[in-house]
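Here it is, the structure, as structure tokens.
In this document, chain identifiers A, B, C and D correspond to the written order of the chains, with residue numbering beginning at 1 in each.
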Amino acid sequence: MKNIAVFTSGGDAPGMNACIRAVVRAGIYYGLNVYGIVRGYAGMISGDIRKLESHSVSNIIQRGGTILKSARCEEFKTKEGRAKAYEQIRKHEIDGLVAIGGNGTFTGAQIFYEEYGIPTVGAPGTIDNDLYGTDYTIGFDTAVNTALDAIDKIRDTADSHDRVFFIEVMGRDSGYIALRSGIGGGAELVMIPERPNSIERVIETLRSGKFNSKTSSIVIVAEGEQIGNANSVAHQVRQELSELDIRVTTLGHIQRGGSPTALDRIIASRMGVAAVEGLLEGKKNVMAGIINNEIIYTPFIDTITKKKPLLQDLLRMLPILRI
Amino acid sequence: MKNIAVFTSGGDAPGMNACIRAVVRAGIYYGLNVYGIVRGYAGMISGDIRKLESHSVSNIIQRGGTILKSARCEEFKTKEGRAKAYEQIRKHEIDGLVAIGGNGTFTGAQIFYEEYGIPTVGAPGTIDNDLYGTDYTIGFDTAVNTALDAIDKIRDTADSHDRVFFIEVMGRDSGYIALRSGIGGGAELVMIPERPNSIERVIETLRSGKFNSKTSSIVIVAEGEQIGNANSVAHQVRQELSELDIRVTTLGHIQRGGSPTALDRIIASRMGVAAVEGLLEGKKNVMAGIINNEIIYTPFIDTITKKKPLLQDLLRMLPILRI
Amino acid sequence: MKNIAVFTSGGDAPGMNACIRAVVRAGIYYGLNVYGIVRGYAGMISGDIRKLESHSVSNIIQRGGTILKSARCEEFKTKEGRAKAYEQIRKHEIDGLVAIGGNGTFTGAQIFYEEYGIPTVGAPGTIDNDLYGTDYTIGFDTAVNTALDAIDKIRDTADSHDRVFFIEVMGRDSGYIALRSGIGGGAELVMIPERPNSIERVIETLRSGKFNSKTSSIVIVAEGEQIGNANSVAHQVRQELSELDIRVTTLGHIQRGGSPTALDRIIASRMGVAAVEGLLEGKKNVMAGIINNEIIYTPFIDTITKKKPLLQDLLRMLPILRI
Amino acid sequence: MKNIAVFTSGGDAPGMNACIRAVVRAGIYYGLNVYGIVRGYAGMISGDIRKLESHSVSNIIQRGGTILKSARCEEFKTKEGRAKAYEQIRKHEIDGLVAIGGNGTFTGAQIFYEEYGIPTVGAPGTIDNDLYGTDYTIGFDTAVNTALDAIDKIRDTADSHDRVFFIEVMGRDSGYIALRSGIGGGAELVMIPERPNSIERVIETLRSGKFNSKTSSIVIVAEGEQIGNANSVAHQVRQELSELDIRVTTLGHIQRGGSPTALDRIIASRMGVAAVEGLLEGKKNVMAGIINNEIIYTPFIDTITKKKPLLQDLLRMLPILRI
């Protein structure tokens, strides 16, 4: 192996730059040339590929977003698109790829390998933490801390006005951000897609909090919550508990940005180094994750098809901590 | 004057606690007893009034929200409500009031003085900065910095995905937060209620930015913008510029909370001291504001009826800085 | 078991309040009365013990420091001191203790059990992360992120002036904070007590960085570094590399304070709940730690005598990432 | 005027990048070519000068430090050095300069004008706020907020352990940072170079705080304090008040870095635009400052020779607020 390329794909996540830096430096450390592909598969098709040196990734470890940019690419889902991409890969004599992204990204990489034999090792870059094969995904800890910081601010005003706040956090299919920011934020309730909720239970909990003379409450609602988003849940609760002063806030895209936390920079760096080392050892179609503090390579097929379990220990704490 | 009371009223704002602390300590410094009234006029009516000592306000200068809480109070708008409030004020032998809030608060205080002769000096506590008689209101600088921090985070993701973001900030009748966070955040456009906008101008600006090969853009929309909120403006722009990837984020209540900035703590402290000194000098129905770094007492009637001008110097910079 | 008490002891750490909250609420959840002992063993001796209710710990999860305060206590090391402490414990009919602190705290608790039969379950509260029996101690993640934030700020000015900065972080016997903040901060070198360093190696690394046209560099030095503190190391390097513009910053006590990160709030909450549940199950002289995401109770004797290994994976990344 | 150049000189300050951006964009807006000189006068002499476009300054408004770097330059103090510099200026056909820095920078610019007729308009870039001719210098508000954030963190631990902390902040000849961060941080005492202090007064104040049963205290010491730095003052106090648990922290270079606050970005932008407009109006040897919210051009000779007064209103609040 002589030349490798790195790219980011799917939704951006804080820590992607730390991972890019680690890939570039590990590549150089092991004697490889490292290329950066701009805008993921789109740049692979259009040939937006540039050589990266050690100094190209200086002073980026602390930056949110991704210097290589990210984009959706429908064209890569077609045979023609992938043929063009291979053309560019061949032109730059690239022998291996590091893909920083999620399951959509890994699916593309797997097909690309089957067709053209270019091996890819992945690194899990998504704030949602919903990838099987790793305890933490890159960006998750930062997103949780950003949500928490917002919850802390909202608690100030909730408390000053004796209000109930419904706060919607990211996580379309996954309650990870909701659960951790909810526990960390001292929320009364956390509503997540993985666990059936009923409006009745929500109402009951808020009513008993009121009864216990709590003057303010926070309810965290994950984007993908099945009985509705934060606005809709709040609306339903208002019908029953008109004595509560209820407000809604949707945190939105602030959760995607910002300087990564220490944890995100560290796991991103470890995964970046491990991805390069994996390629050098001949690995392909695997994701470099961290389980119990150790690097584990999990086949793409597992990250794509298997469901990561929620931490039961957090779930069971909710009724204890809100007492 | 022997006994004074302090209360917060209207929307809470970061720095209110620093102001309460300054009122309490200045009162004690000048030999007064200082009472705190909980939940503004509502607590005045219900008699939720407690004596505050120096240590009651220890370690609160850095906290968001208000330890005295705030609430709307319809009852104080009635003659009967104010009679009950006066009963409580008389019972505690309170000779003067410090009201931290906005124009609604000051209106109530003025009527209360006319009916019962209890003098009030106000301090401007509102994140919107829309009070005549002061360069800065308590909480404004913090709200702007909170909005800015969110804009910085969103720029990370906007830039990574080449997107246009419409970000809605607080300010129902006022573009102060929008203007300062927009200039500070490097926004292409800032849409504020004080200045007529047209969708055409917005579209034109974004189109020419695209033409100048800007890959991402930020548009700040104040809550009270006349041609619609951020969602509605974004919707209209999407019709015309379908090639842009447009997203919307509404920052919401995070702008009300958080630890106050240095500037907010300092002006809140100055205004709190000045409010007590104003009462001692026999002032009434005035707000202690800061203009050109000096304490100025402005009659409530002026803060209520006069309109504060926007800083033209900021407005005129927008087309220069987005070039 | 009917009555338990919780206290914090040793150096304070962010997240201690989240742990206190969890102990109080878990205690109440399981039908116990929960007392708080102020200033650790000192308050146990003097009888500064108060009943805590659910609302006593409202709105503290986000606060640094410890609402129960902490203090050194020489008297508890004497038989007479412990006799007085037992007097107070008996007076309040306390059946079990939760001690949040480090090895000094646990040693005292073990002796107290041997003499008076009062069981203690510990929770690891120290920013240094040097306790055997847990992957993370309470406060460690916050301290690392605080150090990292400072390193990021210093990198701005280092880069603007092409300087080399030696930054001293906390960790008298332990390089955990140094290693994680160094990796996260993109440091060239990390000097820790666990691994022998030589001035020659430091000079060599900085010289080769200069050679590779790096214009600025960061060196992290742990407090307990054997060849000297940051000032002394910098002094020695200056003798050899007079062409470098070298500065020194000692981060100091800022690393102990601040609002805890999500991770610290979550592990502190889990450990607090686990400590109460441990007591109820009859456990004693053990610390509730988290290893591989699961609660593990480790005997005090092991936390005190065994040495926690450094994560080799981080150490070996340093030469790769600085290339 | 057709070509202008901008540079940063002296100690770096957060907001310098926002000012550079404003200079570049205002220059382009008014039809000029704008050059950036790297490392201040050193780059002027060596010819490290590059053309800047609008996109060269994209996405830098939020960054600390200066993308143009800064350096001391002894050579420019010599006639020969300035002759070389002029050679480069002539070669690039530069007609005017914008210098972002302090009095050292402005002195150089004035001499350069007298010798070669190249006009300079300055912008006040220094965290110390000690420049006559402007209410705020670029970087000052950020430095104060950074110091304040550190003080807040230290207060957590001071309070948990009932300690007295002496915190040294920047300001060699100026107490501005000390005074504002001290008021904002709720300090008992602020020691600044502009006002004579005595150890006796410090001891007296701390003793009476102890008497008033304050359990923890913060004393802010400006770098340039005449009776000694924080360590030395603390040492003297310890002799007299051995019952206090006294600690010292020196904040150091973290005060120079970090993302600029809203205020710093806004004044930096205004001053940058004003500097370019000043050049276009034929101004020279003046600094574009902001006094009472308006742009004022002050002759270099005044910024250099006149002393800016401290805000008396802040000084007189200290004994009131610590009661």
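Structure notes:
We take it that a contact is a pair of C-beta atoms (placed from the backbone, for glycine too) under 8 Å apart; a residue touches a chain by one contact, two chains touch by 3 or more.
In this text, all values refer to a predicted model and were calculated from it rather than measured experimentally.
Counting hops only between chains that touch, subunit B reaches subunit C in a minimum of 2.
Taking each chain's centre as the mean of its C-alpha atoms, the one that lies farthest from the centre of subunit D is A.
Distance from the subunit A centre to the subunit C centre is 28 Å, each centre being the mean of its Cα atoms.
Between the CA-based centres of subunit A and subunit D the separation comes to 39 Å, rounded to the whole angstrom. The centroid of the Cα atoms in subunit C and the matching centroid in subunit D are 35 Å apart. In subunit D, the positions touching at least two other chains are 152, 155, 159.
If touching chains are joined by edges, the resulting network of the protein chains shown is one closed cycle, each chain touching exactly two neighbours.
Interface note: chains touch in the pairs A-B, A-C, B-D, C-D. Residues 21-22, 25-26, 28-29, 54-55, 58-59, 61-62, 135, 141, 144-145, 148, 152, 155, 159, 180-181, 183-186, 212-214, 259, 261-263, 265-266, 269-270, 273, 292-295, 311, 313-314, 317, 319-323 of subunit C are the ones touching subunit A in the complex. Across the complex, subunit A is touched by residues 8, 12, 14, 63-66, 69-71, 146, 150, 152-157, 159-162, 165, 247, 249-254, 256-258 of subunit B.
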